[in-house]
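Before anything else, here is the set of structures, which you'll find just below.
Consider the two complexes below, in which subunit A is the common component and subunit B and subunit C are the respective partners.
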Partner chain A sequence: MGLSVPAVAVLLVALLCLDPHGRVGSAPICAHGPSGCHVPSLADLFDRVIQHSARMHSLSNDLHSEFEQYFLPSKNHIGKIYRKCHTSNILTPNGKENAQKLAREELTEVILKLLMAWRDPLFQLHQSMAHQQDFNSFSSNKALEMGDMAHELRKGVEKVAEKMRVLGMLGNSVTGLSAAEAMLPLSDSGEAMSDYELLYCFRRDSNKVQNYLKILKCRIVPEHDC
Partner chain B sequence: MAYSLSLGLLYLGLLCGNGLVSARSELFTPDPSRGPHFTGCRSREQETFRCWWSAGIFQNLTEPGALRVFYQTKNALLSEWQECPDYTHTVKNECYFNKTFTHIWTSYCIQLRSVRENITYDETCFTVENIVHPDPPIGLNWTLLNVSRSGLHFDILVRWAPPPSADVQMGWMSLVYQVQYRVRNASHWEMLDLESGTQQSIYGLHTDKEYEVRVRCKMSAFDNFGEFSDSILVHVAQIPSKESTFPTMLVLIFGVIGLVILLVLLIFSQQQRLMVIFLPPIPAPKIKGIDPELLKNGKLDQLNSLLSSQDMYKPDFYHEDPWVEFIQLDLDDPPEKNESSDTQHRLGLSRSGSSHVLNFKSDDDSGRASCYDPEIPNPEDLASLLPGHSGRGDNHPLVSRSISSIPDLGVQQTSEVEETPIQTQPAVPSWVNMDFYAQVSDFTPAGGVVLSPGQLNSSPEKKKEEENEKKIQFQLVSDGAYTSENTARQLSTEVPPSPGPEQGYQTFPTQAVEGNLWNGEYLVSTSDSQIPYLLPEAPPAPILPPVSDYTVVQEVDAQHSLLLNPPSLQPAICPHSPNKHLPAMPTMPMGYLTPDLLGNLTP
Partner chain C sequence: MLRIQLCITGINYILTYIKTLLQYPPGKPRLTSCRSPEKETFTCWWEPGGDGGLPTTYALYYHLENSETVYECPDYRTAGESSCFFNKNDTSLWVNYNITVVATNALGKNISDPVEVDVVYIVQPNTPENVTAVVVHDEQGPFVRVSWEKPRTADTRSGWITLLYQLRVKQEKDKEWEVYDAGMQKYYNVFSLHPDKEYMVQVRCKPDHGFWSEWTQTTYVKIPDYIPRERSLWIMITIFSVFIVLILTWTLNVKRNSVKLCLLPPVPGPKIKGFEKQLLKSGKSEEVFNTLVIQGFPPTTDYDELLVEYLEVYDNEEQELVLDGKDLSEDCMKSKSPSDSDSGRGSCDSRTLLLEKCMEGREGSGSGSDQHQYSQHGETSWASTESSESQGPAPGSPESADGRGKTWPVVFSSPQPQTHHHYQVGAAKPAYHSVPEILNHSSPHTTPSNYHQLHHQDIPQQEGRFSKPACRHSQSYNQFNLDGVGTPAPGVPPSPSLEYVEVQRVNPENMLLLRPLSDPNREPEGLDCAGEDYSKVKEVTNNILLLQRDTSHQCVDYYSQYLDNQADQCTTQQPPHPCKPAVHQSNSRMPHEGMRVMGNGYVDSTVLMPSY
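On to the complex of A and B.
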């Protein structure tokens, strides 16, 4: 209020003109052609994504084992009774042949759907594990890492899908991810799932994702004996 | 809340799945004590699986068809019980699920039923990926990497191939391997870390020992190991070392011997020098400024002069307080006062009308007795000094302290007997130990001086000249304080013409003393009655601190000023101790009284 209008105007102009973001435009990194930087091939991308998914699945297995040891020490392996996961509604191929028979676009879509469905529940899992004193900080860090990994994996798979689409390997029948809504983890009775159930389900789903990616890669990137 | 719900669900699962087939264990050994039960379910390649059961104790059910397996896939779609799709003909009690019936990531529940009796003997639930036990790797072989230089150890590289049933090319199963080895027929297998590749090197094996190596695998991120492969034998014969170690040893031995000889020679040749280096001589004691040779060989005179010249030998109190006081008691005058004070009786000597003079003096040039002989006056002499104490006989105040109460003495005297110093015992030591100095604590109106007891620990000296000496050499007490003019004047007015016989007081000499007894330490006055008093500043009664409060009036010079420092006098005065040369007292020409004051005092 103390400043006069012209002064304010001058300030504004100065800010705008001197703003580095305003003056510097973003340039692509590999503007100088393929020799300038290394553009990863689709095979490389797939490898990275598959490694990522393997790591994620390993983490989920560790957490699940810890949980089992900690909370269910008396009976190892209480029979794995059927637990309905919130992702059970997503139709997934249940075997190698089934997955191989599935179209690439559908397979990709299934992968993305799965990953999307786990975005919020993993965050929820980390929150609840962090608050419980039963878990040590190491476990809750693992849960956090797991959630981050799922997020990154989804981004990676999206990039792969984009690349595939660019290369013409994928038809346009792949629906956008906007259609895949995040699902709330609810059990049959409609109540929120427990940590153990979440871990159990995610362990299974991460294994699915890993195997689907491998099958997809084998189909897209022609390799020997694939 | 959710947690309790999950716990409830788990307990339900407990009830349902009692004969459980875990993902980890293989229950192939049938339990004979139980009834019909499943002994295990396994998948080899994550595409098919099999289940086995046993009839247990119910031997009547062993014929085929008596027990049947039903399964149910628990997913969203199917929920009805179906019978085992394939009972293996070749293997007893096995149910085989082929690819069509195997659904990964799906929960299966299988039941063992006896249809005839419609009893379900056993039920278990699992998911297929959790019961995968891969087949053992194939093609295990080894190659020698290297042998150590000593020929005792060697390293090998072990290779294998993944099981053919596992689809690792596509990555449907990602396997990790574990290699184990042991010395042949030993009991304990050495386990190496999990390896995701298909080769592993083993280090540190011993030659001439036979080893067994085997490998197994499992799916990564799962916990079920498959069976072990067949063991292979590894053996490397020890190559006898061609190089001879003999000359090396010889050279070494000779070298060591030569070195030892050299060292001994060196030591013997340089013995003296080495002795100095290793055992340095201890330095002799050294006194600064003094030649140690003189100490050893010099004459005593020289030594004394030498030592006396050292600062450290000067008595400290010379520096601290030059006002050394000396007490000289003149026992000529009879005691003037009947009333006794402490000091009177302490001194006791003033009572005596004898002409004995007890001189408790020492040399002027030292605080200690240089011309000082610890001559002990006879007790009789002492007794004669105390005429006032009649009827005492042997008891006199100078008797030692051990006589605590002398009945013939006045009451006043009893207290004094405990007093310290000059009431010394007839025994020798007390005299000897008597303090040489007394501090003037008070002045009597008659002009006498009252001494305080405390510091009288120097031994008195009975000089030979004491018969000649009629006077008491007076020592002035001061705290280092001068008398003021006024007090001196007062003193002078108070002084009666005649000193009178005061008991126990030390009186000043009324006549000039020719010659100096010791250091000229007396006051010279022209008139008879002149007793220049010097009033100490100290309060009358208290026991004053020792020695440092005394000053020594050395002489009165021509200007009638008191010199309180002893001039350096010849040691000839002290014939008894010719050898005691003590350092001369530093002269301090400070006047105690100015000539004016002195004039006032001497009317």
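On to the complex of A and C.
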């Protein structure tokens, strides 16, 4: 007999444990409800989302200051001609009162709009930064990460909205973004914005997102952090 | 009067003119900073550039990005001099403000450089409020709990602004502050503060994206005095060391004996090598003393080869000493008579030997040479040669000095550091002095026997005597002069078969020249030389005993010399070996003459006995 003991053991195990049907199924997550696994609460979801947005904003901040330091000689804000950000069309509250006046659904929608509006531009930004020799790989990686973060954040906020809707906090007025909403970052003149302008605009918008999320959180799940 | 007035007017005009010369349009104002304390309002400050000697007015104008509408500062007063305060209504976030300041005076105006401001990024909150530092007593020691409140203006409750706090602590004398980050919480516990010291505490805050606030006013806190850990540590150390000391003391006490042994090793008592107390106690004295016996002493092996077993002296006629049984027995009997000698008669009693010989064949008279061998203890063997008949020249005598003409043995190769001298040779054994006894006894018989007797009467009983030529120089050296053997024959009963010869000398050919003791030719000259029937040993070299023959007068001289030598040697000898040339006067019958040479040249065997 050429078979050794381990081989025999393996065979036995295989015979006993293999599924005769030969099909692999997966058990749904938390199929048994709250007792089965840990379902994150809304507060936890909000915390995660807020942390995510904070990280995204810090990334954009770093990239912008890096850009400003190396590529724009004058630190002074004089002479900078800024084109309108493509997201200026989106009405966003510009103050605390305005933001507090907005309903949760609207606020959530604004957040989602903003995040959606930046999906493609961020991809473009990464592409152009990667192709340019001026940027080091670290910066282009940051841009890539930033784009991914924005994507993840949007997903997260959607989950939060879903959760809120489930919990009955949100009405049904929140509608999904249609494809028409996703607009390209075109300025009035139709030219594509430069990288610096993109970075400048994104830095602001990420700050908006973070702020709106915080307001939303403290309005919905007020805790000691608020 | 008029002139004065004219002067005054003129001066005024001149001054005014000068003034106008010195007047300029206002200098350029400059915006120094814009700050927002709560991200809802903000204030901008500027500094004037110079009024140019004229009253100037300053105005702040701004416009929002992507808008051309210029607005003027709504509030110049709230924030103080050269400031512009933007209230909530006028503040828009995430919008760039383009702000300029215009200074205007009579001569002109001046515009400052524009500043782009986004309110979100110029947030600098107010300082935290109500900073309190409280000492909390804990098991591990007291610590300080610093707590504060958020600045009143910051709205963190709605989540509009998030503040991060920071505090710093130091003693008054320290140079550097210790900075702690408290995050978003409004309290902090400070540890590791020294007791009985006063500390200063300050707190500040910052929004997640913005500027740090100013430090609060110093709050003082005093740490109370308490038993420091160091002291408790000392207590522990003390207890531990006491414990260790106790253990050491107890251990030393237990091991007291071994410690004593280690520190004060005992002085070893006297010990006899090979001597065991235990054997003594057990009562087996034989074993005890057996251990004391030195094997190999006295040395026997060396002498085996040195022993002259016997010398065979042959005459033409075979003559053998015939021991007269009767006389022999007499002699033997007499020899048995105990003498008063107590001078160490050894176990080897040559008398017994003699007796043996006595008992043995009694054959011819006088002529046989019987060599007695006193080989016990390796002593010299007296060669009692056969008293051969007078052969005249006895040509055969040299040849007859037959055979085993071995050398005179060194009687005693004593371990003493003495040269082979007469002493050694004289270190005879008990057998020696027993011989004279025999001879002493037989002295009255002197002549009648064929014994070559050793005249001992003139020679005091000493140990270690050798036969000496009786200072007769007239003898022919090369021959056995055995003439005298036969002469006493008529008067001599033929019975004694034992004859002793006197060794006259040893010629270089290793031949002993013997002379019968009963030789009437012998001149009684030796009296001066104290009846030297014993040959004086000159020296022993190469196991050859050299005997000396001296004349009578020379004898004395020699003896005196010898004595001197001996004395010298005695003096040179080491104290452990007391030189005792004295001779045992063990026999009362010792002749007086012998006293003269008492001890001269002869060494008490006790001297030579190695002292064990």
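One rule holds for everything that comes next: the second predicted complex is superposed on the first by the 183 of 226 C-alpha atoms of A that agree within 3 Å, B and C clash if a C-alpha of one lies under 4 Å from a C-alpha of the other, contacts with A are read in each partner's own complex, and residues count from 1 in each chain.
Note that in this section a residue touches a chain if its C-beta (ideal position, glycine included) is under 8 Å from a C-beta of that chain, and two chains touch if they have at least 3 such contacts.
Predicted, not measured: the structure shown is a model, and the values here were computed from it.
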item: First (subunit B), second (subunit C), both or neither touched by A:Asn141; value: neither
item: Which of subunit B and subunit C A:Asn89 touches, first, second, both or neither; value: first
item: Partner chain(s) touched by A:Glu197 [first = subunit B, second = subunit C, both, neither]; value: first
item: Contacts of A:Gln127 with subunit B and subunit C, given as first, second, both or neither; value: neither
item: Per-residue contact with subunit A, leading partner among subunit C and subunit B; value: B
item: Residues of subunit A at both interfaces, subunit B in one complex, subunit C in the other; value: 54, 57, 61, 76-78, 80, 82, 84, 88, 92, 94-97, 204, 207-208, 211, 214-215, 217-218, 225-226
item: Residues of subunit A that touch subunit C when the two form their complex; value: 54, 57, 61, 76-78, 80, 82, 84, 88, 92, 94-97, 99-100, 204, 207-208, 211, 214-219, 222, 225-226
item: Subunit B partner contacts - residues on subunit A that touch it in the complex; value: 50, 54, 57-58, 61, 65, 72, 75-84, 88-89, 92, 94-97, 191-197, 204, 207-208, 211, 214-215, 217-218, 223-226
item: For the subunit C and subunit A complex, residues of the former touching the latter; value: 39-40, 65-66, 88, 91-96, 113-116, 118, 120, 155-160, 162, 184, 208-209
item: Parts of subunit B lying in touch with subunit A, wherever the complex brings them together; value: 2-3, 5-6, 9-10, 12-14, 16-18, 20-25, 46-47, 74-76, 99, 102-107, 109, 124-127, 129-130, 167, 169-172, 174, 220-223
